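Chain lettering (A, B, C and D) follows the sequence in which the chains are written, and residue indices restart at 1 in each chain.
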């Protein structure tokens, strides 16, 4: 992942795009790309173009890497911290086999 | 990243949530979480709650990891492939310092 | 608006697209189109293509009209009801000149 | 619809919120609310809370009305113009009973 992160950051640096990458613009970009990802499933949930899904998913995570970099946080760390928080919101005994939101558990 | 991925997948498995995680539902979840991330910047681009941004960003990437796992693809690989593709769409000499979309370059 | 609604519904009926328009698929479509609308502001908040913004905005509301129709609700009615609810969440004396969410007022 | 539009605009004016409602911020708000609408269908396409769907849909269109107002365009007009454009992209004989995007017709 370190190599991927370095490649993503270098891609941006080579093009002098850092000037456009405010946290707000990166958040917008993640939302835009997640809309394109969703478009792969717009009219049919089960019959999708896997290659296209992978490209759009890559775009989402590409911007996520840039946002973490911009905020000077480690993506792995914040995911592990959120999992810890979620494990309290969703204790196994209450949430097993259950898709309800924690506010309704 | 392998450790993080294992933790994310285990979290889901412990709760028997795999049954809800169709690719389409995961794509919806990524879009939903990216909306929550965007909410951190709704009325103000520059003045954001960094801790909240990190939590929402973690949620986005958490679902991205699950979607890659569900599709049996390696997240790092698809990002590197997309970077390769993007480097053709956005050659340095044309796109340097320029935020135009490749269709307008 | 009644005329517009009739035109939107007729467009769909002429193409026999009602079969694709489950409430869930229409909700996805609204999210997808709102991502395209957001793209008009991706790298620059103030310098946008007004014509393009109008097209994407029209797409969002087009699907909103179809979703209201599918749910057999009147779009005007549900907006007025939500305004009523919001006026309790955001009383003028507390929210005037203030962009805080009601949970923080 | 004119009455609804007047009520939506008055709600904002009463709270002096116009200062927050740049076109970019309204586009973000539409994307955020469309994520909340999508959340009604996150894990289950067919079993949704209709009342909640209506509230989130109202929020989406509420911001759409504000954006049209901010841009000084008539929402009905831009929808009719977009339908006209779409009818060329999707001629009945090619698109009937078919959910393909116009680029693939």
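Keep in mind that, in the parts below, a contact is a pair of C-beta atoms (placed from the backbone, for glycine too) under 8 Å apart; a residue touches a chain by one contact, two chains touch by 3 or more.
In this text the structure is predicted, and so the values were computed from the model without any measurement.
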item	value
Set of chains whose contacts include both subunit D and subunit A	B, C
Pair joined by more contacting C-beta pairs (C-D or B-C)	C-D
Option reproducing the contacts of A-D, where over half of them reappear, out of A-B, A-C or B-C	B-C
Length of the line joining the C-alpha centres of subunit B and subunit C, rounded to whole Å	25
Computed distance of Cα centres, subunit D from subunit C, in Å	2
For subunit C, residues that touch 2 or more chains besides their own	20, 25, 28, 31, 34-35, 38, 41-43, 45, 99
Touch-based graph of the chains, sorted into line, ring, star, complete or other	complete
Complex contact set, residues of subunit A against subunit B	1, 3-4, 7-8, 11, 14-17, 19-20, 22-25, 27-28, 30-31, 34-35, 37-38, 40-41, 45-46, 48, 50, 53-55, 57-62, 64-65, 67-68, 71, 73, 75-76, 78-83, 85-87, 90, 92, 95-99
Of all residues in subunit B, those that touch subunit D in their complex	20, 25, 28-29, 31-36, 38-39, 41-43
Partner subunit C, residues of subunit B touching it in the complex	28, 31, 35, 42-45, 99
